[in-house]
Amino acid sequence: MANAQLPILEARNITKRFPGVVALNDVSIQFMPGEVHAVVGENGAGKSTLMKLLAGAYTPDEGELFFQGSSISFNHPREAQEVGISIIYQEFNLLPERTVAQNIFLGREPSRYGVVDQRQLMRQTQAVLQRVGAETMISPDAEVKTLSIAQQQLVEIAKALSFDSKVLIMDEPTAALATHEVEILTRLIHKLIANGMAVIFISHRFTEVFDLAKMITVLKDGQHVATVAADAATPSQVITMMVGRELDQYFPELARADEIGAVALEVVNGSNAKLHDISLKLRAGEIVGVSGLQGSGRTELAQAIFGVEPFTSGRILVKGTERPIKTPKAAINLRMGFVTEDRKAEGIFPNQPLNDNILAPVRALQALLRRIKRFGTAEKPQLVLELVQQVDVRTPSIQQEVQYLSGGNQQKVVLAKWLASTCDILIFDEPTRGIDVDAKASIHEMIRDLAQAGTAVLMISSELPEVIGMSDRIVVMWDGRISGELPAGAGEEAIMHLATGHQESHRTAVPEPRGEGTLEL
Amino acid sequence: MAQLSTIGQEKSWRDRILSGLRSVSPIYVVLILLLIGIGTQNPVFLEPSGILNLLRRAAPLMILTAGQLFVIVSGGFDLSVGSIMSLTVIGASLLINNDPTNAWWVILVLFGIGIVAGLINGALVSYLKVPSLIATLGMLLALRGAGLYWTGGAPRGYLTDNFRAFGRGWLEPVPWVERFPYAVIVLIVVSAILIYLFHYTNLGRQLLAVGDNPRAAKLAGIQVEKMRIVAFAVSAVTAVIAGILQGGFGGVNPDAGDGYELQAISAAVLGGAVLLGGRGSVPAAIAGALALEALFTLLNLLGLPKPLRDAVQGLIIIGAVAYAAFSGRRSR
Amino acid sequence: MLNKNKKRSWLVLLALVALIFGLVACGGSDTEEPAGDDTAAEDTAVEEPAAEEPAVEEPVAAGLESDAAEVKSEFFSQEQYDRSMRQMTLTAEGPEGEPWLQYLEAEFVDTSEFAKDGPYTFCFSNAGVNNPWRVVGYNTMLAEVDLHPEIEEFIHVDAEGSDEKQISDIADLVAGGNCDVLIVSPNTTAALTPAVEQACEVLPVIVFDRGVFTDCPVSFVQPIGGYAFGEAGARYIIDNCGDDCNVLALRILPGVDVLEERWASAKLAFEGAGNINVIGVEFGDGDNAKVKSIVTDYLDRFGQIDAVWMDAGATAVAALEAFEDAGQPYPIIVGEDQQDFLVKWQENGLSGIAPTFPTFQWRTPIIAGLRIMNGEELPAVWRLPQPIITNDNLDQYVQPNMPPLHYAMCGCEGMPDFPGRWGGE
Amino acid sequence: MTVKTLSNVRSLMRETRLPPVYAILVVVFVAAVVLDAIFGRGQITSSTILTNMVVRSVALGIVAMGQTFVMLAASIDLSVAYLISVTAVMASYLMQGDPNRVPMAVAAVFGIGAVVGLVNGLIVSKLKVNPFIATLGVGLVLKGLLNASFETFVGAVPRSFQTLGYGQIGPIPISILVLLAVTIIGALVLSRTKFGAHLYAVGGNVETSRLSGLRTDRVIILAHVICSLTAVLTGLFVVSRLRSGAPWVGTDGLYDLESIAAVVVGGTALSGGKGGVVGTLAGVLIFGILDTMFNQLGVDTFLKQVLRGAIIILAVASYTIRSREKAA
């Protein structure tokens, strides 16, 4: 498969703006048939936006797309599918109530006069499942909600392949997969490019990126930094391009021994439907990073500690005394805070002004009929103003509805919300997902500042650089268990090793956390 | 809009003005237009006594709407209020039993009944997870039957004058307007209380939060179930008050509240409340109710055939919501 | 005819607005215009009235020309009108003081074919008990049943005001096969005709209150009727109101034959009279609050109203209260035999009249049923007298011990557990 | 006895894949039979009564099928009651008792229905107006236009047309066959056609459906059109029973709220994407059984209303409880 031929898909000077952020700024990339093209960059660098543009889910504000040399524009994802571009989105795009077959061929059911040909549908589905080597694992008429995360990921891939498209876009396809499933995928991708398909591929796992990709494009902060041949670059170079500086300067100083204080939170043998025998200690002044694959139980851990999906057995000790935490309110009462992963779904009240967002937890603890102070509490009437200064939210007015703020500023609001309720135990779940670099840096600063001020911080992150750079200790989860703990500065490999269930003799098993909890991730 | 908000400080004054404008609900403009319209038709209606008459007449719907808003904002519907109103009138006529001295404890009992009904609504929605539309629809049917079953089909006694005073009586003499309807006093007091509760206490903010994003509300320590129940209770209480006023104004009548539930929802929506929660203002909702009542009066004065009044009402409601949806999308 | 045109113009306007909705919506998928134009639609809805102003500047002319006043031809039968006018002048035959047994201009039919020995099962398909008049009537009927031990079972099904439901109810009763007599109080005349026809083929049927478009029932029980009711009230106003009399006519709702008849004859009378100026005809939905509001508005607009004509008395008190609240003298009032009105009438020595659609007619079908069972002959059309309450005989109908919405003309005073069964003390 | 039957039914349902509401249906029916045997006249099982039981469900049933379609799309239609009135009136007005005008009249009312459905769908999908308000408003408009033009029964349908309401084929009333036909067609459309699949998809998650390449607005609009057409069919059935249509026949029948209740009792989720017409059929029959039972037992009218309300709530609550047990 030579590069002689012209690019099958090309983006020229694409710009896309969203309220508050320029997601992509004048980006130009060429994608060649028959090769894997990896797109890397930090969260918020604009990768997913680019993919959605290529797949017709968004339309660019400026710039053009070219398919096989001719200019095209999509007003509806369908149009992209029709020319032969299919995509696997980062967040799952399946209907849990419908069967595998119905999902894969949604909108393209084989039919005569509008009547679906069931047998044909089943046969085609079988065929597609075979292509991803999942025909034994997954039955075409199984309802998707009954499948494990990994299986659902395979269905997504099968769906994408079913278009027989010339370009396949994969947004973090391996995030949820255990190693041997990743191998299946790798083999699959090799087969595809052998047939001349162009595969565009987003991943945070540099091992994969360098195994698979021929070309690597680096995005940063919505800008196209560079496109390099994989064999002409080293991971560290790419990382440098991604973050724009050397990794080790990128994160704030770790805690000095004398900064770490008494145990603030301790979980002993905590278990519930999704978690098994969790034990961990969290000290005042330290940041404990939690790593693990999607579906490994990272978020469930946070939810259990915070009383959203409480532990059904085991004990929680706060500052040495045992406390039952069955509701978030109870947790907040114990001066805990939880900066959730999914801002839109769990963090903000989009239609409410900034000040009400920030004061929500404070007020939740007050008497229901207590008269409100608009911008603070009885003690600190100016609290909101102070916090907005402190976390540096860029907003025209503190009466602004938060739906009109950029992702980064929204995240700062969520953070301010917990600062307002003066927590001394703070849980962060993906604190910097989907926000641009400088906002990211300042949030990292804040988290560290909080720790130095004596707050005990539990930080869940799927971004290894973040975990490695921020954590004073690293806890790795797999299959609802804590599969190991690593000291500050542990390497990516060591973490991935634990995160994929090794050292725990679970080699064969597939992580199978089921149900909504994981679908939200 | 959205762009402005993030371009930063230097433009913020302009943003403030715009957001200020946005925060003034168009319903007030509509209301004023309608009142002017009425005035041009018949100035009498804009004299103090005329206004007071309009207010007295609209009081039940206005109060009912204010209560309904508590439920709508928290993300639900309350279809049972009309039945609660009727139940109030029927129950009063039975319990008072033509003896004025009974009126006072009867009123307490009625509030008791109302609150219980509200709590049932809330419990069905919060704990049995029955969609509020269905739960309150069931209550609408059940309560409508219950009232009549209780009294064997027709109200049993007269509503005594002291009971009716709330809906019918006057405070007099009063300067400027020689007499001032108690109903309007009730309206003012209740409105004041509800406005205070909704806009000046945690209650209102937490209801908004629950309606806007229940999951986030739970994670912020708000007791979502409890808030929903409170909302339905408030709505039911306003229904009882509306029933007392309505019964007082019109006298015994087995179906005093029929059809009020949809009017209240429409009025709240006219007042800018967003169905399924997260947005709404008590004063605007009350204005919406008054506007609806004023609209009826105006169409009446215009001699517009009654049926067409429904049609116009329908168009206005759709228009109002479409407008809201539109301006909402625009600013996003 | 102005109003006709106005009506049409509004229909057109609304049709247009609706159309705009459609087109507009087609226009822009996710673009903003739709809602944009839509608010335009809203504006027209609000603004349009203002445009109407000039057309409406002569409100007084409303009254007999208004939409609410017009009498559709399908509601007026000269022959029926003459019949009831005539019958009001006749004295009914039958036992003195028991009007539910009396009849006017009866033609008797032989029922020997249906004769059978007791005990009997009587079945009753009721349109509904959805208003106090029907509640009182139904209680009276039950009391009548209790008077006759030979009626072993009385099966009552209630259609809750739905034609469709009542049709099924009748089908059920017929299918059940153990009714000896079927009594029907139709929800609406036209709709129930087919169902009654089907029932007639199987068993003797008695229809009362509202009629049906078939003479298959053995007997049809009904008082003299709407024309007489409406005429009596109008006549009283004409005779007692003096010259240049402002009359406000309040109706419940359009389209119900009984009520249309009442208004039709009243309208005739008013048009014929020299001294009557009908300042308005309004529909109050039988809702106290609405009626009171309407009257209040008219008092504001016209300052003085001399008489109020109503097609049903249920809201008469509300109308009077509007005068009280406005500090105006009571008008001449046409009510009905509802207690709250009678009491007010007596207390304030009003000048009023109460034509009645007597609830004692609910006794007659039971009696007729038993006659059929005994094979006795009975009137094919059992035309009951329709007493009128006037200032002279008012006192004998006022019953302070009865509930406000009790109807005095129930002929139930002598019946078992009176007054308890009717909610009195 | 009840319990035993229930368990049998459960197992039977597992095989036949019947929606859970059929368990409730059986329980209600058994309860009705038992109660009737004890307190009533023990006739409820007689074939004629049973047929009537279904016949009295036909009017509500047909429109409930359409309501199921909109609710599967996570929408709702409050305008059906008024559309039924419009149909009944227009049909009898246009037919004027003349058999030759029947085809024209039928075509006309279905035309009206299609337009109303289209307007509903467009307002909901394009103007993004909450369907509750949108259809409520459209309903008010219909009501206004109708009452402005007609006050009472107008015209009549020819006797021949009334066979729809009263005719029988052998022992089976045509109306029942119509209901069954509508149900079967509805079931087939939902389970076998692309539109059916897309309807469930859109109801389940609009955004996912869009990203999968569905024209979601069209699906929603079509659902509303179908719903309006079933309302028209109900209107035709009602007028054929009544021989003549009046502006109040639809609203007096409470077809709007009761159809929604029937659909939800039938197991279709208000949030869309789950359920189907087969369940709705059971929901409707449950109401039919209750009415008949109440009549047979001579239950007080007002008590009836209380019970009906309570049963609606309980039926729906039973699902949410079931589903939570599953989750736990």
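Order as written gives the chain letters A, B, C and D; numbering starts at 1 within each chain.
Everything below uses one rule, namely that a residue touches a chain if its C-beta (ideal position, glycine included) is under 8 Å from a C-beta of that chain, and two chains touch if they have at least 3 such contacts.
The structure presented is a predicted model; accordingly, all values stated were derived computationally and were not measured.
Of all chains, the one whose Cα centroid sits at the greatest distance from that of subunit D is A.
Centre to centre, using the average C-alpha position, subunit A and subunit C are separated by 70 Å. Remark: subunit B and subunit D have CA centroids separated by 31 Å (rounded to whole angstrom). Each chain gets a centre from the mean of its Cα atoms; for subunit A and subunit B, those two points are 44 Å apart. Multi-chain contact residues, meaning those touching two or more other chains, occur in subunit C at positions 7, 10-11, 14, 18, 21, 34-35, 38, 129. Touching two or more other chains at once is no residue of subunit A.
Touching of two or more other chains is recorded for residues 123, 127-128, 141, 144-145, 148, 301, 304-305 of subunit D. Contacting chain pairs in the structure are A-B, A-D, B-C, B-D, C-D. Those residues of subunit D lying in contact with subunit B across their complex are 76, 123, 127-130, 132-134, 136-141, 143-148, 257, 260-261, 264, 270-271, 300-310, 312-313, 316-317, 320-321, 324. Residue ranges on subunit A touching subunit B, taken from their complex, read 19-20, 306, 308, 327-329, 331-333, 338, 340, 345-352, 356, 359-361, 363-372, 394-397, 399-400, 403-406, 409, 417. Those residues of subunit C that touch subunit B in the shared complex are 3, 6-7, 10-11, 14, 17-18, 21, 32, 34-36, 38-39, 41-43, 45-50, 52-53, 56, 59, 62, 66-68, 129, 131-132, 135-136, 138-139, 283, 287-289, 291-293, 296-297, 300-301, 317-318, 321, 325, 340, 403-406, 423.
Across the complex, subunit C is touched by residues 41, 43, 46, 48-49, 51-52, 55-56, 59, 115, 118-119, 122-123, 126-128, 141, 144-145, 148-149, 151-153, 156, 162, 166, 217, 238, 241-244, 246-249, 252-254, 291-292, 295-296, 298, 301, 304-305 of subunit D. Considering their complex, residues 30, 33-34, 37, 40-42, 44-45, 50, 53, 57, 93, 151-158, 168, 246, 249-256, 297-306, 308, 311-312, 315-316, 318-320, 322-323, 325-327, 329-330 of subunit B touch subunit C.
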